[in-house]
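Labels run A, B, C, D and E following the written order; every chain starts at residue 1.
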Amino acid sequence: MFRHTFLRYAVLALLAAAALLRALTAGYFGLEILAEILILAILVLALDMVAGFGGMVSLCHGALMGLGAYAYGVLCVHAGLAPLPALAGAIALTGAVAWAIGAICARAHGIFFIMATLAFGQMAYSWVFETPLLGGDDGLGGIPRPDLSLLGIDLSDSRSFVLFCLAATALAYGAAVLVLRSGLGRSLGGVMHNEQRMRALGLTVWRVKADVFGLSGMLAGLAGALAAMQVMYISPGLLAWTTSGEALVVVILGGLGTLVGPLVGAAAFVTLKHGLSGVTSHWHLVVGLILIAVVMSRANGLFGWLEARWGARLDRRLADATREDTPREATNDA
Amino acid sequence: EDPVRVGLLLPFSGVYAALGNDIEAGFDLGLETFAPDSGFEVIREDTEVKPPVALAKTRKLILQDKVDVIAGVVSSGVLGAVRDAVHGAGVPLIVANAGNDDATGSACSPWITRMSFSNGQVNRPMGQWLHDQGITRVFTLAPDYAGGRQMIGGFVEGFTAAGGEIAGQEFTPFQKTQDFGPYLAKAKASGAQAVYVFYAGSEAISFVKQYDSFGMKAELPLYGSGFLTSPLYVNAEGPAAAGVVTALHYVPTIDTEENRAFVTAFEARTGRLPSEYAVQGYDSARALVEAAATGARGRAGLGEALRQVQFTGPRGQTSIDPATNNIVQPIYVYETVQGDDGMTQKILAELPARPDAANGCEMAPVAN
Amino acid sequence: MLETRDLTKSFGAMQVTRGVSLRLERGERRVILGPNGAGKTTLFNLLAGELAPDSGAVLLAGEDITALPVARRARRGLSRSYQKNTLFDGLSVEENLGLAAAVHCGQGMRLWGDSLARPEVREIVAEVAEMVQLVPHLHARVSEVSYGVRRQLEVGVALATRPSVLLMDEPTSGVGPEMARGFHRLLADLPRSLTLLIIEHDMDLAFDVADTITVLNYGEVVFDGLPEAARGSRLLQEIYMGDWSDA
Amino acid sequence: MTTDPGFWLLQTLNALQLSMLLFLLSIGLTVIFGLMHFVNLAHGALYAAGAYVAASVSAVAGFWAGLVLAPLAVAVIGVLLYGGLIRRMRRSGPMAQVLVTFGLIFVALDLTRLIWGDIALASAMPPLLEGRLSVLGIDYPLYRLFVIGLGLVVFAALAFVLGRTQIGAMIRAGVDNDAMAACLGINVERLFFIVFCLGCALAGLAGAVAAPLLSVSPDMGLQILIPTLIVIVIGGLGSLQGAIAGSLVYGFVQTFGAVLAPGLASVLIYGLLAAILVIRPTGLFPAKG
Amino acid sequence: MLELEQLCAGYGETQVLHGLSVQAAPGRVLALLGRNGAGKSTTLKTVMGLLPVRAGQVRFRGAPMPRQPHDIARAGIAYVPETRDIFPSLSVRENLELTARRFRGDWTLERVLTLFPRLGERLDNGGTQLSGGEQQMLAMARALLMNPRLLILDEPTEGLAPIIVQQLHDSLQALKRAGLSMLIVEQNFGFATALADDVAVVGRGQVVWTGSAAAIRADTGVQHQWLGV
């Protein structure tokens, strides 16, 4: 279960404002980076949904995103579908695949779940890599962006495309929050804390896991389709496990199970990466050291650190101010 | 006069970092040698061997840095990713490695000039040559990806055209194979007279060592694409590589004036022998300098001029095939032998330069 | 209401349940006694579906449920509490009860709206909290309340699914005398329509609430009858009670 | 497919060899990962470090010196890691551990590149093991037989220590519940330190053994990580039988997959992994409990 | 033997013990009684070094208590927690040998198995395959095999069949007669006061009453106010 706190609202508003400002003012490369951040943000939202709120740490979300990208690409290029129906198709297909993976892996836990999802991700990777229709190792080019000229928007313009991504990210965030706050999200929380008891209460645990995994997969599919639109070219590397690993790093770096944190993580990670790779080809070293430093600080990621410092205090102050009109609610996250 | 702005697009991290570094060293040496008074401004970008990253960097070079020309590109995946971008924007690209046949075939572009090699080109002549040595049944092995299939495809084409027979073919999972033992046993059991392979990088090293440890070289000689025993890796392979016969568009032991000068200069600069990657970088720089020397400026001008370039360099007489923009160059068959210090290459034959077939390439002139 | 026919279960070479046949009428309150390791908890696991029997059948309201998974049995009104607390530790007491009630109300898979905010769920939570005296602790996290309170919650969560048959595994173990009395009252106050099967080592409580008593020893039913008969049974004294009844 | 029995024997030996190489690697990981519940993704990096040290040492002092020094050197790295990072991370849950060790992978990768460069390193076989031995009528490389033998010896030694000795029981007790183990007078902290260093040394040993077989390149650690994880997950975490079973499954599936179904070679092991986890969600031989 | 002086301790932000002072005399049995949540288990955990001492002092046999649990154990204190904490990866035999092999003395494997014959039948079972009561016996046996100077028991009778409780009472009486010092926390008032020499009642993190076992049996006021009996 996810709750908005004052701090979360504040950081969210800050992020949105910063993104909007950048989208309107940044130069070409800045826009490119912003689009990358936004797409990664959707992916890590999807991942946080299952990992942070359901304990299902997935190492196949990169592959799901890749599937979304390929589904979109193939539906456009080979099946001749218009981009928007292709986008819908990609999301639906990725969701269905994710649902199946979630259902099959539902019995595994912890590292076993991670590895089971990795296995499915790698199978998808190998399949794409070795399927000539999908371009194999050489990838698939000539992927179109949606035509929104009816609305007077030209998505081939970088700025418009970034704004399009921003809207998609906002939508994805809203969807994630809705799901996590629903009955399904509640059940998911129960399953994460004590699966055996949830079952004994009469819940079909695997269905809950599969449903949430499927919904998360739809978001990953959206991210994939957007990535395909951004680059207008797709290659199997998108499905490699390292993409999933990187997404996981971003989620944890930002703050697992906070939904807002991963957004912070995505922004920080991409900015850092590009900033450093311009300076040194050994940027992995620096990123690695920073990762270690962040974790050694013992906080739940960057945002978790912020929450631990100020979250409670801010909320208490806010609660004091509004004590009269709202009944007290137990405040806890996840 | 404004300098020519060059974007150098290479992997400086990731699995191909060693290749990127060699090409870069060759490129820098080329610029220094042929354009000592500079006139070129180089902007370096790391592709990380990730196509999306490479594409973002390419767009940055084109749109933000406003380069006149781009050089580099090691992996074919990256080439596939950036192809539409450079073609669409009308920016000349000098390919300094990626060998994908299609890049100068069905997906060719007047803006893309290849100064390295194409996968088929390196292997095709070897088919005829091998058959000429009296070998008629061959087992082939290569990693399972587009490049591996094209390399072997080129060889098989040449070999069967000469009347040879393929005893068996195996494609191993790309960069996932630790143990080649199972495949070697299959090759042995296939009844072939020789084995022809394409492997590069780490896989080449593991393969050559494991081939040797099974003691197969004596009864089943090992042939292949020259990347297998590239100077970059041959010292890691050590004596295991002795006696392996391969073909490539360049080896450091080519006995010509141009090559001796290049090898000396490169060794002085880096302390190691130049590999085929180094020469590709070197010749890419030279092509660029020569194109600029014609007085051509701007993207279109340089693009057109690049297609006319021809010179005699370390690898012999090279020119650009106007039908495909692919390089035309001789191929060297060489045996890896034990030298005074480390392994060295003994050239067995120089196969004449032949342009690749057009493979569906329809080349329009460079337009504005 | 709940019936078993010749249930057997072994772990490796050790037979833990040997041909157990029980029959509980609707509204019956039965206490299961037996020495440690007699197979009482195992029997509960077989009834609830957490273990599959080697042979035999479990019937609920006349229907064979032997093949049903845990969740399906629970949805048919079979609920249980655990000997070792099995709670949602990071959540508040209220949320613990709410989750159970939400599943019961069919809100567990809803994609729209918070299940715990539903009026029917809130109603159950309030009612159960009152019943098991958890009202003062509703907003505390489980990890913050004392063991005794957790024991109460353990039963509360089971009750929040509004079961027709409730299995309680040593509800009073580890709680103080005061709270034990509370459980006593709670059991007395439960609606008579609820069928109860209780494992208990607290003899006072056992003899007080039991309509009937079943004694297990080495996985076998060695006694099945009224409390009075149990009290007088030599066998029971020998294997289980010692001189409790004299005390 | 050939009916020559020699061919199948050869392939069986190949499978065994790959299994044992993976076993040497995965046992270190399973000891740390299963017994300490510590997710050490940097295990592959330790293996690469072992290979690099072995290659460097053997260039000047011969293979055997490398084989001895590499595990020691990696154990020393283990000491540093433990003191600097791991000790503080032991209680911080798997997510934090994944992240820290992921960071370590990044760091190790670039450090190897900085120290040894991007170009792969040579590592020669010892002259003693260079030849081939005739096994039931087929010639098989001696070095590969050495790898098989070494794997079996390490397995036997560890099986004895963990299963039959007091130390083994103490380690397992500390893993189950370190607070309670401490209350029984066990110095859990020191025990884990030893276990961690032993695991590191085993990774170093695997690297040294692999060096003459494979190429010693910066990304070798990353490439081996996934196979190693697959091995310990198929086998079941924390158990020695699991590590050996997982290694054998992996080795045989890879080898015979390559022979019998080359088209599926790259997917086969993942399919098997998924299937095993669906049927037995905690692997084939999970640790008791 | 064991002296707690103005002990303060707790979990995270919550402080549970607020200056708790009590003394256990050598060769005697001290029972800590109190309602659920009074802080009895917290006291024991603090003594064992599982929770840090925030203020005050713990002294054992006249000297300050070591800080690390394993040093505390080696100083001669054996502890049976309320959660028993049997090691699931170890068989029953291994659970017992874990302490039997490292602490030698009067208590041997044979001797504890005569005390708890049920364990003898389960020697090769996994630790968590035992029933709740069997686990309690195993935890006790494991502690006795440390041949401790002071035995600390947290709710030893929880979940035990009456007949086992009786046997346990008898064996603890025997231990007491043999001169073993004990500190027990117990909800079973009858059991505790029959065994203990001294009683300390804990309420809200402090000792609110001390006296002899006989005294508290007679004092229904204290019983009612602090124990809810």
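By definition in this document, a residue touches a chain if its C-beta (ideal position, glycine included) is under 8 Å from a C-beta of that chain, and two chains touch if they have at least 3 such contacts.
The structure displayed is predicted, hence computed values, not measured ones.
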Contact-graph distance - origin subunit B, target subunit C: 2
Farthest chain (mean CA position) relative to subunit C: B
Farthest chain relative to subunit A (centres taken as mean CA coordinates): E
Inter-centroid spacing, subunit E versus subunit B (mean Cα positions, whole Å): 76
Cα-centroid distance, subunit A relative to subunit D, in whole angstrom: 33
Whole-Å separation of chain centres (CA-atom averages), subunit A against subunit B: 39
Subunit D-subunit E separation of Cα centroids, rounded to whole Å: 43
Touching two or more other chains - residues of subunit D: 110, 113, 266
Junction residues of subunit E, two or more chains touched: none
In subunit A, residues with contacts to at least two other chains: 126, 129-130, 282, 284
Pairs of chains, among all present, that meet the touch criterion: A-B, A-C, A-D, B-D, C-E, D-E
Subunit A to subunit C touching residues, read off their complex: 1, 178-179, 181-184, 186-187, 189-190, 193-194, 196-205, 207-208, 211, 328-330, 332, 334
Partner subunit A, residues of subunit B touching it in the complex: 12-13, 17, 46, 48, 50-52, 55-56, 59-60, 63-64, 76-77, 80-81, 83-84, 100, 102, 144-147, 173-174
List of subunit A residues in touch with subunit B within their complex: 27-29, 32-33, 36, 126, 129-130, 135-139, 141-142, 227, 230-233, 235, 237-238, 277, 281-284
Residues on subunit B engaged by subunit D in the complex (per definition of touch): 13, 15, 17-18, 21, 144, 170-179, 181-183, 185-186, 189, 201-206, 209-210, 213-215, 232-233, 235-239
Subunit D-touching residues of subunit A, taken from the complex the two chains share: 57, 104-105, 107-112, 115-116, 118-120, 122-123, 126-127, 129-130, 241, 245, 248-249, 252-253, 256, 282, 284-285, 287-292, 294-296, 298
